[in-house]
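Structure first, commentary second.
Which chain is which? They are A, B, C and D, in the order written, and residues in each are numbered from 1.
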């Protein structure tokens, strides 16, 4: 479903964030993206979302070259992907409920669907009682969970979670992992960029390791680590 | 040095974030603050910084009731405390260097001191080569480290770090912990709110556990956990 | 763009929410639109009224055509017809020398004893010519003076030219001022709208990355712009309306001889135009401001 | 507040940085200040000049005092002195009846033959009285008419009152307009400054929590406000200066009889005042805008 062919990314200020990455992800995969701080994990997910364009190489999603999408195709691409951003990116002027509902509204979801799915998603991440609060009134972990609810609410084809447990206690983290596994079992491809070595080691899923922008490891049933 | 006497905090929307917390921290302590997401850890640090006022009870810092400080004393209080915020709070229009230098400028540090200490601090957190970049150009872990550099640069009396390893890989996390221990050894009191159970368990330092706003545990040489 | 009922409902809900949750931005934008259009509208009224007063003065201008003595009455008729044919002439009326003497006597007032010693009326017969287009007065006078039977032509040479120069200048100045003020209003309104969108650029980029189409993001901003434009210009027009009418009343009470425009139709068009301008700038301003941040 | 050299250097560095890194905000704020002060300045010039023209017209007003026939020359002297003592009178000059006849003859122009039959001059001797303060003309005329030796007083009753009413109205309207425009300029400028601070409220709260004093946060904003205020008003004044001088030149070429204010001193004060206003609003606006977000 996803193919990276010799992808390099150099940011405007000259930082080489990715160097010649080639990688394939099939539908239904559950993939851990690991690597030290600044390795290029977030950059990789930005290329998939077309938030950034690759400097070299091709990123293919569902058979289409992401860099060559027409401008009206970009929103359609993004709606197929649910993302938990490392910095949450909640809309500050919307309540938790409205933030989650927004992902459905964007895709033209009907009022019934919104009324049904939003509370479901909030329930799943344990935020049912905070739905009327604004992001600035939430704790770090609660904001993160609001972001997770938003990412899963419209049942995306691909779920990208960037450091989703960074602000969660171990118990909540594991609940989230079970949730992601459940979602994965229902057919959603999951990419999880993470530093949580305990989770990676326990799950024995596919692990792709980046270091300094280079892919240093790709193991089917791997453990946490990135050489060096 | 720090005393919490029967401190309760109820936010405007009625959320009870802290309930009757009594706790003492001596100069030179190294304290882990643990608890599930939403337990009140960040709220506790906000009371110390006088970002929020307690609804009930007293917070005493260096012999002064924080809630009763005159408005011109508040900046002096804050300059004695270095904080790594959970959401980083870097100034978006300043480079990494300027962000770190700002903590010194605020306190009226001379140009020589700034020129000496800022690169030192950036070196300690491994950001020496990113000093001219703006926060928006940094990876999540790099932003977090910039926040750490800013918190330690003016050698505060008290160092509060709120989830400082949430976006860091294990290796960088441990380097940071060694750095915090070093700083602690030089006399700075350190409070670290965290979910990193492995670090808490390995260090065997004092652990204060909150759950649902209540203090459920306070152990001299404790391990991660908050009952329930 | 195909648009469901849900999307439409979303747009209105969204616009209303944004207006209320960004109270401060909304107020500043409305206020700026109001102030800009107030200044523009007041200046328009000023210019229109100055023009009206100038026109009033101009319409009081006339040419006096003195006839050769003892002209036959059919020659006089003939001449009258010819004067009518001169371009710009609106109305011609005959003033006999008896009527002229009468006028002179009345004009001298209490000093009319001067004329006591005069036996024979020395004044000539004359035509009084009103112009349709006052700028042509000098030309018309020249043409009339060359007609047979005309002895002399008088129209306040000098003073009239001065008056016409001043009124023409005022008209040009009025157009320049109004043009500059329209530009100024556009700048002020679009600045405040751009700044209020700027304050929310982060939100726009988040929406973009969540898969919202440009139109989906833009429409609530456009509706917001239209609403602010309407509110702002409506307030401006209401203020203008009431202050102008009280002004007109004051003037008609204290300086009744100054002719002010009180034509309901014209004022209606003017005020309607202001509201339209407010709406338009609000919408177009929002459109372009948002576009800037849509390129993510 | 004790302030080191470092802090001072920080303030200037900080201000310069902020101006350049927020290019867009800086431009919008400068532009708004320029436009507001341009409108205000142009209106001030308009009002000043209208007043000047009105004054010019008023100064052309005079009272004509006709004397009782055959007054002795010392009685005439006496009367002249008494007229001088009437409040508001500026200048008195004697017009003999011969001079008056001469004037009348000249006034009638080519119709002066009317006077051919008159043997004895029927006109009286008169004084021509200029007023220092034209509002007092009616009062002065009434007082003069009751002096011994005065037969009749004439000052264009009716027309003069009209003129004076109009000029007084214009003065009041001018003051109201300028007052309203000053308020409008204050609103527009402070709105844009508040909005530009609003866009940076997050930064302010971060600084606050890092232990910055209110003054430390505020000073760069104040300096920024002063700089923007100065730049904006300076541009406005330069534009005003050049357009006003070219306007004055145009007028003196094409409608030379319209008296315009070209007093360097007055203009200097006016323009200086505008720059001062810009500076002040920039500073005070920043002060209050920042204060709002300092309560953390």
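Criterion: a contact is a pair of C-beta atoms (placed from the backbone, for glycine too) under 8 Å apart; a residue touches a chain by one contact, two chains touch by 3 or more.
The model shown is predicted, which means the values in this text are computed figures rather than measured ones.
Averaging Cα atoms per chain gives one point for each, and the point farthest from that of chain D is the centre of A. Chain geometry summary: the mean Cα position of chain B and that of chain D are 62 Å apart.
Between chain C and chain D the centroid-to-centroid distance comes to 24 Å (mean Cα coordinates, whole Å). Chain A and chain B have Cα centroids separated by 28 Å. Contact with two or more other chains is made by no residue of chain C. If the chains shown are joined wherever they touch, the resulting network closes on itself as one ring, and no chain has more or fewer than two partners.
By the contact rule set out at the top, the touching chain pairs are A-B, A-C, B-D, C-D. Within the complex formed with chain C, the chain D residues making contact are 24-25, 28, 31-32, 35-36, 38-39, 42, 104, 110-111, 113-119, 122-123, 152, 162, 165-166, 169, 177, 181, 184, 187-188, 191-192, 194-196, 198-199, 251, 254-255, 257-258. Across the complex, chain B is touched by residues 11, 13, 15, 34-38, 41-42, 86-87, 133, 137, 139-142, 144-145, 162-163, 166-173, 195, 197-198, 224 of chain A.
Interface residues of chain B, counted against chain D in their complex, comprise 49, 51, 72, 75-79, 81, 83, 89-93, 102-103, 105-111, 150. Residue ranges of chain D in contact with chain B, taken from their complex: 4, 6-7, 9-10, 17-18, 21-22, 200, 202-203, 206-207, 209-213, 216, 296.
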